[in-house]
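Okay, so here's the structure we're looking at.
Order as written gives the chain letters A, B, C and D; numbering starts at 1 within each chain.
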């Protein structure tokens, strides 16, 4: 289904970095969901460039509803939203269009689209498209919160600096929802920002690891094969540019554990069954077990750096040296956070809709 | 689509561990693909219990074709294969059916299927179902090899012992295709087997990390959003029981790199564009770039251990202690290898079919 | 999705007329649905050859459950059923395989599958595959009846003879469920059978029109665009071999009506809104309005006739004359009836599942 | 998949009659297809109100490309087009919103969307949404014409007046592409228009039958089960508001034929196999046979009439009388023609893409 995700609640993305607008169509959403424009705007702001550690490109990122919203509520028919592109300097893209930026999609786009791709600013591959994902996800996140399902993501690690672990999950998740730089420990946050600025000063870039927790999600959702919760979440999350790995619960650390350490013992807490540990990240056999869903996502360093890079000119078919100019993020991990939240919300809402019918 | 994977070439899994048979339906496969029964059997054998480090349950795992094969070739109509279950001791399952085995799907199955699930031997969640995946994948793997696309997986790490890195990829992949214990360095192989035996002697279990490489896959395949190559592969791979993490190229190591180290410089090698490093695992912007596709998968320790475990009896609603009996694998990583190969083949074949039409 | 139908409750068909077995996989069905084998067998019997007006090929058509059924109930995991092929005389098929039977799929199968198709007895195109559809549909029909949803189909017209109109829908539908020759007016039934026998005596064949009614189906189901109830039903129904037209409510008769005659006036009947007429067949704007769903399906004359026919030999690339031998139905409309019922049940169950979650 | 159609080349519709805009997203289209704005505008004009026999509502129907088009060619990424709504008088809709217009979707929309639907002018159910379908279809039709595939539809019958039959298909289809009132026989055209005006004068409305022919489409496309060419076309066509029946080839007339009359004899015409008759409308066993694809579609009389109608007020829960005011079409069959063409193009392009890969 290409640029569409979902079985029951689907989202389709469209748009290019330097076209008139980007946007999304959400279908399968329930009627009667309140569109909280303030909430959506707050989420959009979390994706915006931040302080010295981001590109100076500024967009108002105003979300316009073309369809599916009436009198402030979803109608239940396809919801199309668009975000206009305003700040599109495209004058010097033509000369650049055949120099493949390393680790970017310029060359693979050329292979796939045979020269017809809109190469300006990364076109349909641009991180800018995630603005539409965030807008779509924010609608669903708000609706999930009304049902007691909360999603939160922090930077676990960046530049060798670690945030503290999740502690009181509910409190931490709600706190993260308001943090523009999503690190729970303020001292770690300052250090990370300082480290990113230092990297930026060298014309280089960094990535890092995001950690996500979801509370309040019902048990018994997911499928044994193919549409496991891990499968669906990873399918969605790997759409986000720069994501190159995902692990659930103990993840790669499982390789150093024994079964007796890795297994999560069940026990009753009143009438409810919980696990003592949550090494499985809330998922057994592909299906939620009622514990918090937990996963970590690695973000690779932003490919756009100011250092000179060896690459090819695929029009003139020769090796060349690329020296980028313009505005680029030395780190996008803090901006990627809300994109991970949004995709998580969309994936989980799809699973809920497939299981319980048109509830979102 | 629940227990079906694929857009264009789809595979549907069915069956329970102790039912009459398990199987798969492949649809969208091209007519005229030779069914090489010897090749399929060889792949099936790689999934079978091995030496002292596996369960003594033995099945002949004979693949029977119910449809879609005529005179030794695929017809192009849906191919249904089944594998009969032979060795199914199910006498003592009833008393166990309400004791949740930690890290297994017993409890989540009960949540989802409300007591109607076939609980014998894990039912539809059993690792046994992967036999059908291997059979389906073997058909496709063979067809891909005819087109020069080879897939190979080795145990990168188990019990703290590392295999050597891939070296000559083509040679290594072909060698791995014949190894029953998929470790390239024979000394490392012996150590790992010894370590697994020691763990087994303690009634415990281990996991590990698998590393997969694909060569010969064409550039320009995949989608920018949602159906990226990483998304599709991870969607498939996370269906495999015990998989809890996946990383492409440098993966989680990207968190410790800078852009200037992480980016893969392009250069011409004759007429062909290659990269000097392959940190992106052959995928840029979700689309293949012609370099080998590379990823690692973490397998958690087998949940079935002989040590006593705390858990719940969800019928009598009380905490209890579980002491497993019977036959269980102390490690399944070496058997999981060919399942990863098979799923990789099915996912990549689906991407090729979506892009180029009915070619497989 | 090729040989699979459905968004939420899917059915995949496999098998060839002269292979070992045919079958179906149903996925997305709820756990806990009772498998009423007697009911299923009764429906299978309605599809069997009947009296003098059918082929003498007899099959026991025993439905075997490979997966998804445990202790007599659906488990909720994929349900695979197979029906073995017993009566397969295939000795003289080879010489025939390159003579295209007019109005059959021999030639189009050759175009599509390039000579790899299983040509024996029509292969995967054979009407025999509908036995698996009936078995799958019967499971769902029974579950729908438990919820008060009943489906009934009669022969509206055959050989120029008309059955009476539906009168008391509930009574008529239940009566039809037990009729082996599905005509409500016994005199019309006798005449039709006589007329079919006369056609058979000439070595010729006939078709006719089936009329279907569904009662008890909830209002508010279906989608405005693409997945309208008419779209979904017609998609399913046109899979049945020999179906060449479908019309809902007044259907083609609308061309001779004015808006003032065609519109169905609404009125309250107690608290419930009904329509005075049902020209729209229970569907407005693609969505059910709570009135009976009604449609008619035209079945073309069985293509296999004993009269000599002009055709081509596509191997020797020459015109030729075909003189069929063997066993063939002079009419299949009475046997197609339960296939229409089954497909209707599967399509409606899918719509219900998409709307309300895993309910079937 | 709700408001999306297609396996490989998908189209998603969004928008409401009185919202800011309507539109469509096409995904899976090949890069490098020329956007012929003149051609698209010509097709859009065919859908516009025509002469005295249409509503006086006028819209400029300018198609704007939001994404997927660059330098006048498709890029291969999702193509989003929108058409702004200009002429939206919505002042008197509120008082009307709870009076169910007979044969319209007001009541079923209320059932489905629970009062959150945008009821103004039919909202998402409005025939206006077909403008987006035509725009999307026109892009594909043009691309198909470049490959020699032509689609043409005429009014076969309206007000009891028949157009002449197709004669020279290629010539007729091309001629129809330029006719604003799609009737091949000019005398029949005048009579029909006169008859429609007479009906309009009475405040009533009419429907009719459209007949479609497709030439140049390759043989061997379609699936044996579920995704037959008839299934796919009917699925698409029944999305068009007011369509209540479809028949392929001889269609319902098959009920009056014998096998010996109905079967289409094959014969060689040079190297090509053709049929003497085309009763099967170019489709055998669900797969194209290389002959023209032919089908007829019945359009019910426009539900909006000026005559008083009995209906219900579903807010006040009482019977009432509806007397429509405003602008309404006494017939839409001539405008529906290009919508049928567009949907046919989209469905056939999807089938081609599924079979041959990204060709459109």
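Here, a residue touches a chain if its C-beta (ideal position, glycine included) is under 8 Å from a C-beta of that chain, and two chains touch if they have at least 3 such contacts.
Just so it is clear, the model here is predicted, and its values are computed rather than measured.
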Chain pair with more C-beta contacts, C-D versus A-C: C-D
What chain lies farthest away from chain B once each centre is taken as the mean of the Cα atoms? D
Can you give the whole-Å distance between the Cα centres of chain A and chain D? 39
Distance between chain centroids, defined by C-alpha means - chain A, chain C (Å): 46
Using CA atom averages as chain centres, what separation in Å is found between chain C and chain D? 27
Please set out, as single numbers or ranges, the residues of chain B touching at least two other chains. 1-4, 7, 13, 77, 112, 124, 224, 354
Of chain C, residues touching chain A in the complex: 7-8, 77, 224, 353-359
So in the complex, the part of chain B that touches chain C is made up of which residues? 1-4, 10, 12-16, 19-23, 25, 27-28, 31-32, 64-68, 70, 73-80, 82, 112-118, 123-124
What residues on chain C touch chain D, complex-wise? 1-5, 7, 13, 100, 102-105, 107-109, 111-112, 124-125, 129, 157-158, 160, 199, 204-209, 219-228, 230-232, 234-236, 238-239, 241, 243-252, 254-268, 271, 273, 275-276, 279-281, 283-290, 298-305, 307, 309-312, 314, 317-319, 354
